[in-house]
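Next come two complexes built around subunit A: one with subunit B, the other with subunit C.
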Partner chain A sequence: MNHLDLLTFARGSALNWALIIFVAGTVLRLFEIFGLSRKPDLARPRIDSPGSGWRTMFTRSIPPQGMLKRDPVTYIGGYAFHLGLFLAIFFFAPHIEFFRSISGLSWRALPSALVDASVVAAIVSLIVLLAHRLNNPVKRMLSTFGDYLAWTVTFLPLLTGYMAYHHLFVEYTLMLALHIFSVELLLVLLPFTKLFHTFSVFVSRWYNGDFFGRKGVAS
Partner chain B sequence: MKQKQMMDALPGTVGEGLAQRGVDRREFLKFCTAMTAMLALPPSMAGVMAEAIAKARRQSVIWLSFQECTGCTESITRSHSPTLETLIFDLISLDYHHTLQAASGAAAEHAREQAMKDNDGKYLLIVDGSIPMGNAGYSCIAGISNYDMLVETAKGAVAIVAVGTCATYGGIPKADPNPTGAVSVSDIVKDKPIINVPGCPPIPVVMTGVLAHFLTFGNIPELDALGRPKSFYGETIHDRCYRRPFYDQGKFAETFDDEAARKGWCLFKLGCKGPVTYNACATTKWNEGTSFPIESGHGCIGCSEPNFWDAGPLYKALSMPVSATGSMLGAAAAAGAAAGVAVTWYNRSTKAQAKATHAKVTVQELTREEK
Partner chain C sequence: MSATLAKGINAFKEVIDTPIASYFSSCVHCGLCAEACLFYNETGEEKYTPIHKLEPLRRVWKQEYTLLGKLGKMLGLSRPVTDEELTEWEPLVYDSCTMCGRCSMVCPVGNDITYMIRKMREGMSASGHAPEDMKSATTRAINIGSPMGIKWPAVQAQIKHVQAETNIEVPVDKMGADYLVLMSSMEIINFPEYLSAISRIFKQAGVSWTLAPDAFEATNSGIQIGSSDLAREIVSRIVVAAERLKVKCVISPECGHAFTAIRWEGPNLMGKPFCFEVKHILEVLDELHAAGKLKTKGKDKRPLTYHDPCQIARRGGVVEQPRRLLGEVAEDFREMPDAGVMNWCCGGGGGVSANSRAEPLRLEAFKVKKRQIETTGAHTLITACANCRIVMEEGMEHYHMKVEVLGLTELLAEYLVEGE
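Presenting the complex of A and B:
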């Protein structure tokens, strides 16, 4: 199998299966989470705080007072990584073509150089965050295999994409195939690992905010 | 004086042939300079090459055509005016080529056998077209199957040049479902140096370059992992494409005749396979340097790569899935939903069951365990 054959396989049946598992897995998990259902809370809310859940979705996304100073690596690294990844996935012209071909929707791309810079920011952030995780005793203690797995499968598409774009070390066709394979690995694992926070993060923030609001905790 | 130098060439050599055709040394040197540039050799090699080629005996060449469309021969022989490339081509001794030769039938086969005998171990074998491994009757010449003819002729060849994507990698005959069981030359011949010159068709000057290299150095040029001369196939079309700045800026044509296409913006979205195609079109160009497909407004189809016919639709961007569709994802979502309902039902029934079997204990029922 030569490099082009490998690329054709990566864009063909391998991608089909990865997408099927990703979509089916995501829908399954969403059903599972929303279907759990909670017992109705019969207690009277402590304070009447409408919109507490919605507010929390926002407030939890910005650092609480003083925290940025206390833990700049986590916050700045976290922002840089998430923003860089978001721009790379959704605003690189070839990626938009991918979305267009399966959804029919398309939007304006960012200049490749800008996407490139955001990928570098994301890669550097991920490495710094990993180092921080390993060095900070609390973070290290809280980390499980799942965290390292999530880190790895997120890092690989960024790295391979960067290498493919810059024609680094590996022949381009092969590198492109490897990039697509790494994305497929991410797609397959996403619904079943901590990476599912992609879909659940704001739901759980709303839930926590609402829950705490009812108990009288400020959000 | 220069003319005289050529005239002095030994009988039977390329130099003599050039002199007879009135090609002067200056013209010939110009050709050699172009060739050294093409072959990525230092400019000082032009003189060496001129000398070597002029002294070389006319190289005996046997050209076999198997499952092909004659496009390769067309490409190599169709020059608008007799360029030096064609002259060089004339100056090899093309002893057998069943499209170009006048002889036919037994006489033609006899020419091949004669050339094989006379130049045993020295002739160059050029092949275009793939070889059917299914029924031998799919393609045969003078009752000889392509396979038998290739094996027999390859035996005494000094090297083999596989011309075109069919001979190099199987080409369109090998495309799914490959009804004839087509294979490439290198699938069959394992014990001879093989130079692959793929392309559908290949660029004429690449052929000339390979021949010039062979006549100059008596060996084959440096090849890549797919057997292609690195000097011509070392870079992708995309690397050398004049539309590349637009790709980098994210400026793309959306249709073949929109404003952007006319402004020369990148054809990536229209399915251009330039980024994964190794060939020299963007530098050597076609039709005596006139243009190449991307310059005429059509994306690269990747014709010099193995199995390019089966590498997804020609008009789909490289980053698009080959076959995934929205409806496929819809079906996946439906399956996920069905599984989700089943899991939810299971979870809820487990919960209900736990609730039902939950035995309530009252304070009165609690007894202190005496120690």
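Presenting the complex of A and C:
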């Protein structure tokens, strides 16, 4: 199999299978969560606070007072990584072209240099966050194989994408195939690792906001 | 697996619901919850990281309610939860968590860790892994009527004392009263000022109220130990009395966890919404104040600071009321750093103060409260929870601090305009 065949495979059936597992896994995990259900809260809410859960989905991204100072590495690293990854996934011209090919939707890309910078920021942040995880006693204690696996499969698409874009070390066609494979690995593992917080974070934040909102406390 | 362990694991399985599944699914092991926890902050020991305290519950969730976890269990790849492990976790779940809710406020993925600790205690107590002191407190609450073993005659004695002191009749079993007043054991034993203050304030405001011999105790050890059956039994006494006397509202005393027990857990334990309201005493006083029925004269000249009890502020939504009330009687009111919904716990909530084994840790954790108080420079500390009050008094004695602690209701009564 030459490099072009490999790329064709990566873009073809490998991608299809990865997407199928990703979608099916996500649906399964959501069923696992919502299938458990919960009892309605019979205590009269303090105030009619519609939207408290929905608001918390977004407001929880802001560190509570005093917390940024307590662990700046986690907060700043976390912001830089998430923002960098988001821009790279959704605003890099070739990625938008990919989304258009499968959904018909397209939007304006950011200049490649800006995306490039955001990828560098995400890569650097991930490395810093990994070092922090290994150094900080609390994080080290909490960390399992799953945490390092999640880190690796998130890091690889960024690294291979960066190398492909800059034509570094490996022949471009092969590098592109490796980049796509790494994304597929990420897609396959996302529903079954902590990376599932991509989706479940909106559920957990909603409940938190709703519970506190009923008690009259903005969370 | 022993029968009690099986009971505990079953209780774990029963309490896991959609919120808990979403919380465990979302946790990214960032460890920020540790930064919010007074026990971690004051000891620096990573085992006090809030989410870590839930590890056995997490594994039961994974092994029972996720496909991968079930596969792992079938193939013998996962580690089952054992009695030894729960024994090891007992101090983490009970001694080093006051269910203060600070971690739930900071978790970036929104995990309400406190909610999970409350649920996890159901399995811990079902499997026999609750602290002995809390077991006996709960037994006393069920058999005698109060966790500290107080019976109605003790309250009667206090009523007599208050009546002699104030010349005001304390109403008992008054049908159709607007308010049913509850107390905490701590108030009955240590702080009789509360009943006296209530009598005087309500007399002046023209409030119709009553005590009930079958429902004077507001605290609920069943909730702290994590036994919903016992908690229901305890809360049902209040519900029965409130319905019998046809009161419009039940007043939770100056006690944090009692408020959570009646206000938020009560209807859920009973399986039906209440036909009466439940308010914390500070809410009632604030309403009386707003209606012009609570008149005070003069102001306290001492520098005062206020400790927000966790279950009243962060987990109860009563934050502005004490400040408005203090504004009436305090000339030099000083906020502590982190006051309000991010206040630090006294260290004794959630049953910790009832658990003698936890005392050294509780005193260690008190250091954050000590710093908060010292920053204000005040030597008079006001609060609205008798349990916080006794815990802080003990803490301050331990650290040789010269700070007086007062209940807010009692402080207001001192400046009350009477006899108009």
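Going forward, the second predicted complex is superposed on the first by the 202 of 219 C-alpha atoms of A that agree within 3 Å, B and C clash if a C-alpha of one lies under 4 Å from a C-alpha of the other, contacts with A are read in each partner's own complex, and residues count from 1 in each chain.
FYI, a contact is a pair of C-beta atoms (placed from the backbone, for glycine too) under 8 Å apart; a residue touches a chain by one contact, two chains touch by 3 or more.
Only a predicted model underlies this, so the values are computations on that prediction, with no experimental measurement involved.
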{"item": "Clash or fit (per the criteria above) of subunit B with subunit C on subunit A", "value": "fit"}
{"item": "Partner chain in contact with A:Leu36 - subunit B first, subunit C second, else both or neither", "value": "both"}
{"item": "Contacts of A:Gly104 with subunit B and subunit C, given as first, second, both or neither", "value": "first"}
{"item": "Partner chain in contact with A:Pro157 - subunit B first, subunit C second, else both or neither", "value": "neither"}
{"item": "Subunit B versus subunit C as contact partner of A:Pro64, first or second or both or neither", "value": "second"}
{"item": "First (subunit B), second (subunit C), both or neither touched by A:Leu19", "value": "first"}
{"item": "Three-chain overlay, vertex subunit A: subunit B-subunit C angle, C-alpha, nearest 10 degrees", "value": "170"}
{"item": "Which superposed partner A:Leu28 touches (first subunit B, second subunit C, both, neither)", "value": "both"}
{"item": "Partner chain in contact with A:Asp5 - subunit B first, subunit C second, else both or neither", "value": "first"}
{"item": "First (subunit B), second (subunit C), both or neither touched by A:Val203", "value": "second"}
{"item": "Distance of closest approach, subunit C and subunit B, by C-alpha atoms in Å", "value": "7"}
{"item": "Footprint overlap on subunit A, where subunit B in one structure and subunit C in the other make contact", "value": "28-29, 32, 36-37"}
{"item": "Residue ranges of subunit A in contact with subunit C within the complex", "value": "28-29, 32-34, 36-39, 41-44, 46, 56-57, 60-61, 63-67, 70-71, 74, 78, 136-144, 147, 192, 194, 196-197, 200-201, 203-209, 211-212, 215-217, 219"}
{"item": "Subunit B contact footprint on subunit A (complex, rising order)", "value": "2-5, 7-8, 11-13, 15-16, 19-32, 35-37, 93-95, 97-98, 100-104, 109-113, 167, 172-173, 176"}
{"item": "Subunit A contact footprint on subunit C (complex, rising order)", "value": "16-23, 25-32, 34-36, 40, 46-47, 49, 51-52, 65-68, 104-112, 115, 263-268, 270-274, 277, 313-317, 319, 338, 341-342"}
{"item": "Footprint of subunit A on subunit B - complex, ascending", "value": "226, 236, 239, 247-250, 252, 268-269, 275-276, 302, 305-308, 310-312, 316-326, 328-329, 332-333, 335-337, 339-341, 343-344, 347-348"}
